[in-house]
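Below, chain A partners chain B and then partners chain C, in two separate complexes.
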Partner chain A sequence: MTGTVIEIGPYQLILALVFILLAGGASLYHGLRLEKDLLVGTIRTFAQLFLLGYVLKFVFRLNSVWPVLAVFLFMIVFATRIIRSRIKEKQVAFFWPMLVSMVISYALAAILITGVVIGAKPWWKPQYFIPLGGMLIGNSMNAVAISLDRLLSDLKERRQEVEMMLCLGADYHEASKDMVKNAMRAGMIPAINSMMAVGVVFIPGMMTGQILAGADPLVAIRYQIVVMVMIVGATAMLSFLGVRIVCKLCFGPAQQLLLRPEKHGKRD
Partner chain B sequence: MGLEIIGLCKSFKDQKTSDIVEVLDDVHYHVHGGRFVSIVGPSGCGKTTLLRVIAGLEEPSSGNLLLEGRKISYDVDRIGLVFQEYALFPWRTTLENIELGLEIMEVPKEERRAAAMDYIRSFGLKGFENRYPHELSGGMQQRVAIARTLITDPRVVLMDEPFGSLDSQTRNNLQSFLLALWQKQKVTIIFVTHNVDEAVFLSDEVLVFSKRPARLTNRFDITAPRPRDRTSTECNRMRKMILDALEAERSDPLLTEKS
Partner chain C sequence: MASHKLEESTIIEFCDVSFGFSVLTPLFEGISISIEKGAFYLIQGPSGVGKSTFLRLMNRLEEPVSGEIRFKNKPLSDFSPPRLRRAILYVQQTPTAVNGSVEDNLLLPFSFKTNLHLKKPGRERIEALLENVHLNGVEMNDHARTLSVGQLQRLCLIRGLLLSPEVLLLDEPTSALDKESAIAVTALLARLNVESHLTVLSVTHRTYGQENVPYRCLEMRDGRMEESP
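On to the complex of A and B.
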C-alpha cells in the first residue's frame, strides 16, 4: 500500500471527544439519563481499542501461527457469549455445540479467504487473518443470534402445531420444518440487504480504511467484494448449521419438544 | 390388554425458582381395549400432563406405559391426541387438515384423498372440504380435528377437554356423535373433562384424580345402559357420587364453604 496516512495525535484525539460532549449535552437536555453510559462507553472504546492495538502490534511482531489462532479463538468465544446473552430463551444449553460449530466454520472460511482467495503467505499472516477473521465473526454473529432467537421463539409459540405434527407421526425434523426455514431466512435477510445497499447507501468500513490508508479504490473494492461474499457465505453456513443443531437440542431422545411455555400447567 | 399405566410419575423443574414440582404421583391404571374412560379432577391437577405423557410428548420421570403388553413405541404405535383448541393448521383446508396424518405416513395422494373424503362424508363436513378452519364453526372445527386423528387409525385416542369451548347444544351433539363413532370404530378413548355430566354420559369408567400432584383417588363404573338418558336416576346417582369424590379434593376454601 502506498501513500501516507495523516497521523492522529493525542490532541486531535481529545478534540474528537467534542462529539461525546455534544451527545452528553443532548442527553442532559432531554433528560435521557444516558450520560453515565456514554462515559463508560467512551472509556471502554478507548481502553479496548488501545489494548487491541497493542495486542495486534505484539502478535504481528511475533509473527507465528499460535498467537494468531489464539486471538481468533478468543474472538469466537466472545461472539458465542454475546449470542448466548442476546437470546432470551435459556432452556436450551447450546453454548458448547455452538462454539464448536463456530470454530469449525469460521476457521474454514477464514483459511479459505486468506490462504486461497487472497493468497496470503503463510495463510495465517496476521495482518490478513486477524482483521478478516474479525470482520467475519462480527458480521455473522448478529445473523446467528437472529436465527436462533427466531427459532426458539417460534418453536415455543407454535408448540401446539409442532406437537400436533408429532402426534400425527411426524419426526422432529418434519414437525419443525417450517420454523427452521423461517429462522434460516430471518438470519440471512440482513446480509442480503447489505449486499443490495453496499456502495449506494453506505461505504463499508474496511474499504474506507483502505482508501484512507492510501490504497487505490479499485483495489479496495476488490477486497470489499471478497469480504462481503465471504461474510454472506459464512453467515449462511453458520446460521443454517446453528439452527439445525439448536433445533435438535430442543427435542428429547423420544422426540418430545423440550421447550416449556413460560408457566406450565394450565394452558391459557 | 389395552393400555397399562404403571407407576407413572412426572415432575418438572420450575423455571423461576428451580424447585421440583411434582405433577403426577405414582399413577397406576389399566385401560382395557375398546373402553371409554374419562378422567376428572380439580383444574390444574395434572390431567393434561398425564395425557401428554401417554401421547409421548413428555418423558415420564419414572414408570412405564404398556400397549397390548409391550412398551409403547411411538414410532410404531399411533396414539391420537385431540386438543381443546382443535389445533388445526389455519393454512390448510378441511380436506388438507384431515389428510395430514396420511401425508406424514407417505400414503399416495389419491389414496389419502379418498380416505379423507370418506371421513368428510361421515363427519357431516360435506361441502366444507375446501374451507379453511376460520370459516368453520367451533363444532365443525372439532369434528375436523377428530377426523384428522382417527384417519391415522390410532390404537388409543386421548382427548383433552375436546368440547370445553363449545356451547352446550353443540357439545351435546358432538357427545352423541363421538359415542356413535366410538361404538362403530371400537377405539380406546381416554377423555379428560371437568364436566361430570359429560363424563357420566359418555364413559364406561370415570377416574377421579386428586389435586396436584395427581393421584388416582376413586374410580366409578358407569353401568347405565346405552343410549343413556342424562336425567335418569342412575345417571344422577353416579353424578352425585363423582361430585362428592371431587368435592373432597377441592383445594379452594371459598368453594368448599359455599357448598
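On to the complex of A and C.
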C-alpha cells in the first residue's frame, strides 16, 4: 500500500455525530419514535467497533492460529443467532445444525480465498483472514436469513400442496422441491444484484476502505472482485446447505410436515 | 344399511391409539378398532371431533402419541412412508392442484421416484374414470386451476384412484358437488369397492346415493370411536 492515511481524532468522531443528531431531529419532527433506537445503535456502533479494534490489535500481535479461529468462530455463532432471531417461525429448532453448516461453509470459503486465491502465508494471517471472513459472514448471513424465512413461510402457506404430493407417494424432497428452489433463489438474488451494480451504482465498503487507506485503486478492485465472488460462492453454498438442512428438519420421521398453522385448531 | 362381508380379514388395526395436538388436550384416547379389508366405512361425528385426524393417522401424516396402528398385520413404521401412502391413499378435504394442465395433474404421481415403476394409465382409462364422475366435459389440456372446486374435487379423487390404492381415505369427497355428481362419485366408489375389493373410509356429512351401497358406520364422539349398528 502507498500513501498516507488521514487519522480521525476524537474531535472528528464527535463531529460525525452531527449526522445522528440530524437523524434524531427528523425522527422527532415526524414522530417516528426512533430516537431511542438511534441512541442505542450509536452507542453500540462505538462500543462494538472500539472493542473489535482492540481485539484485532491484540490478535494481530499474538500472531497465532487459535485466537484467529476463535474470533472467526465467535462471528459465526453471532451470525447464527442473528439468523435465528430474524426468522419468525419458531416451530423448527435449527440453531445447532445451522451453526455446524455455517462453520463448515465459511471455513472452506475463507481458507480457499486467503490460502489459495490471495496466497497469504500462513493461510490464517490475521489481517487477511479476519476481515475477509467477517465480510463473508456479514454478507451471506442476510442471504441465508432471507432463504430460510422464505422456505419456512412457503412450506407453511403451501402445506396443502406439500401434503397432497406426500399423499400421492412423493418423498419429502419431491414434495418440497419447489419451495427449496424458491428459497435458494430468494437468497441468491441480492448477491447477484450487487454484482450487477458494483462499480456503477455503488463503490463497495472494502474497496473504499482500501482506497482511503492509500491503496492503488487497481489493487483495491482486485480485492473487491475476489470478495464479491467469494460472497456469491459462499452464499450459494450456505443457502444450499442451510435450506436443505432446515427443510429436512421440517419433516418428521414419517416424512410428515411438522410445520403447523400458527394457532392449530382441531381438525374435523 | 347392510353389513358388507366380502372378506373379514383385517387390513388396518388401531391398537389403543391416543392422539392430541398438545399434551394437555388429547383428541382421542385409547382407540382400538379393526378395519376390515374390502369394507366401505362412513365416518361420522360432530365437527372438530378429529375425523380427519383419524384418517391422517392411517397414512402417517400424523403420528399417534401412544398406541400402534398396523397395516396388513405390520406396524406402519415397517413400510417406507411413500409406499405406505400410495397403498393407503388419502384424498384431502381441500382439493389441491399443481400449476399445470388436467393431464399434468392426473399424471403427477407417476413422476415421483416411488411410482416410477408403475405403468402410466392410458388415455382410455383416464377418460373412462372422468366420465364416471361426470367430468367428460373437461379437456386434458385445460388448465387445472381454471376448474371449479367441484370439478377439482373429482379430479383429485381420480388422480388418487389412478394409483390403484388398497385403501382409500376420503375427507368429505362430495362436499363441493351437486347431488347428481355426488351420486356418480358414490356409485364409482361402490363399484370399485365391490369389484376390486377397495377398502374405503369416507368422512362425510352428506350421503347422496349411499343408500345403494352396503356400508358400515363408524361414529366418533368424545374422543372415542365406535362402530354403530
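Here are a few things to note about the model shown:
The rule is short, and it goes like this: the second predicted complex is superposed on the first by the 265 of 268 C-alpha atoms of A that agree within 3 Å, B and C clash if a C-alpha of one lies under 4 Å from a C-alpha of the other, contacts with A are read in each partner's own complex, and residues count from 1 in each chain.
Everything that follows uses one rule, which is that a contact is a pair of C-beta atoms (placed from the backbone, for glycine too) under 8 Å apart; a residue touches a chain by one contact, two chains touch by 3 or more.
Note that this is a predicted model, so its numbers are computed, not measured.
Look at chain A after the overlay: chain B and chain C clash there.
When the shared chain is aligned, chain B and chain C each come close enough to touch A:174. Of the two partner chains, chain B and chain C are each touched by A:160.
Residue contacts after overlaying the shared chain place A:33 against neither chain B nor chain C. In the superposition on chain A, A:256 makes contact with both chain B and chain C.
Once the two complexes are laid over each other on the shared chain, residue contacts for A:91 go to chain B alone; chain C is not touched. Chain A residues 160-161, 163-170, 174, 252-257, 260, 264-267 lie at the interface with chain B in one structure and with chain C in the other.
Within the complex formed with chain B, the residues of chain A that make contact are 91, 160-161, 163-170, 174, 252-257, 260, 262, 264-267. Of all residues in chain C, only 21, 27, 47-53, 56, 59-63, 76-77, 81-83, 85-86, 89-94, 96, 98, 108-109, 112-115, 156, 159-160, 163, 171-172, 203 touch chain A in the complex they form.
Those residues of chain B whose C-beta lies close enough to touch chain A in the complex are 12, 15, 21, 23, 43-44, 48, 55-59, 74, 78-81, 83, 85, 87, 89, 100-101, 104-105, 148-149, 152. Within the complex, the chain A residues that touch chain C are 160-161, 163-171, 174, 252-257, 260, 264-268.
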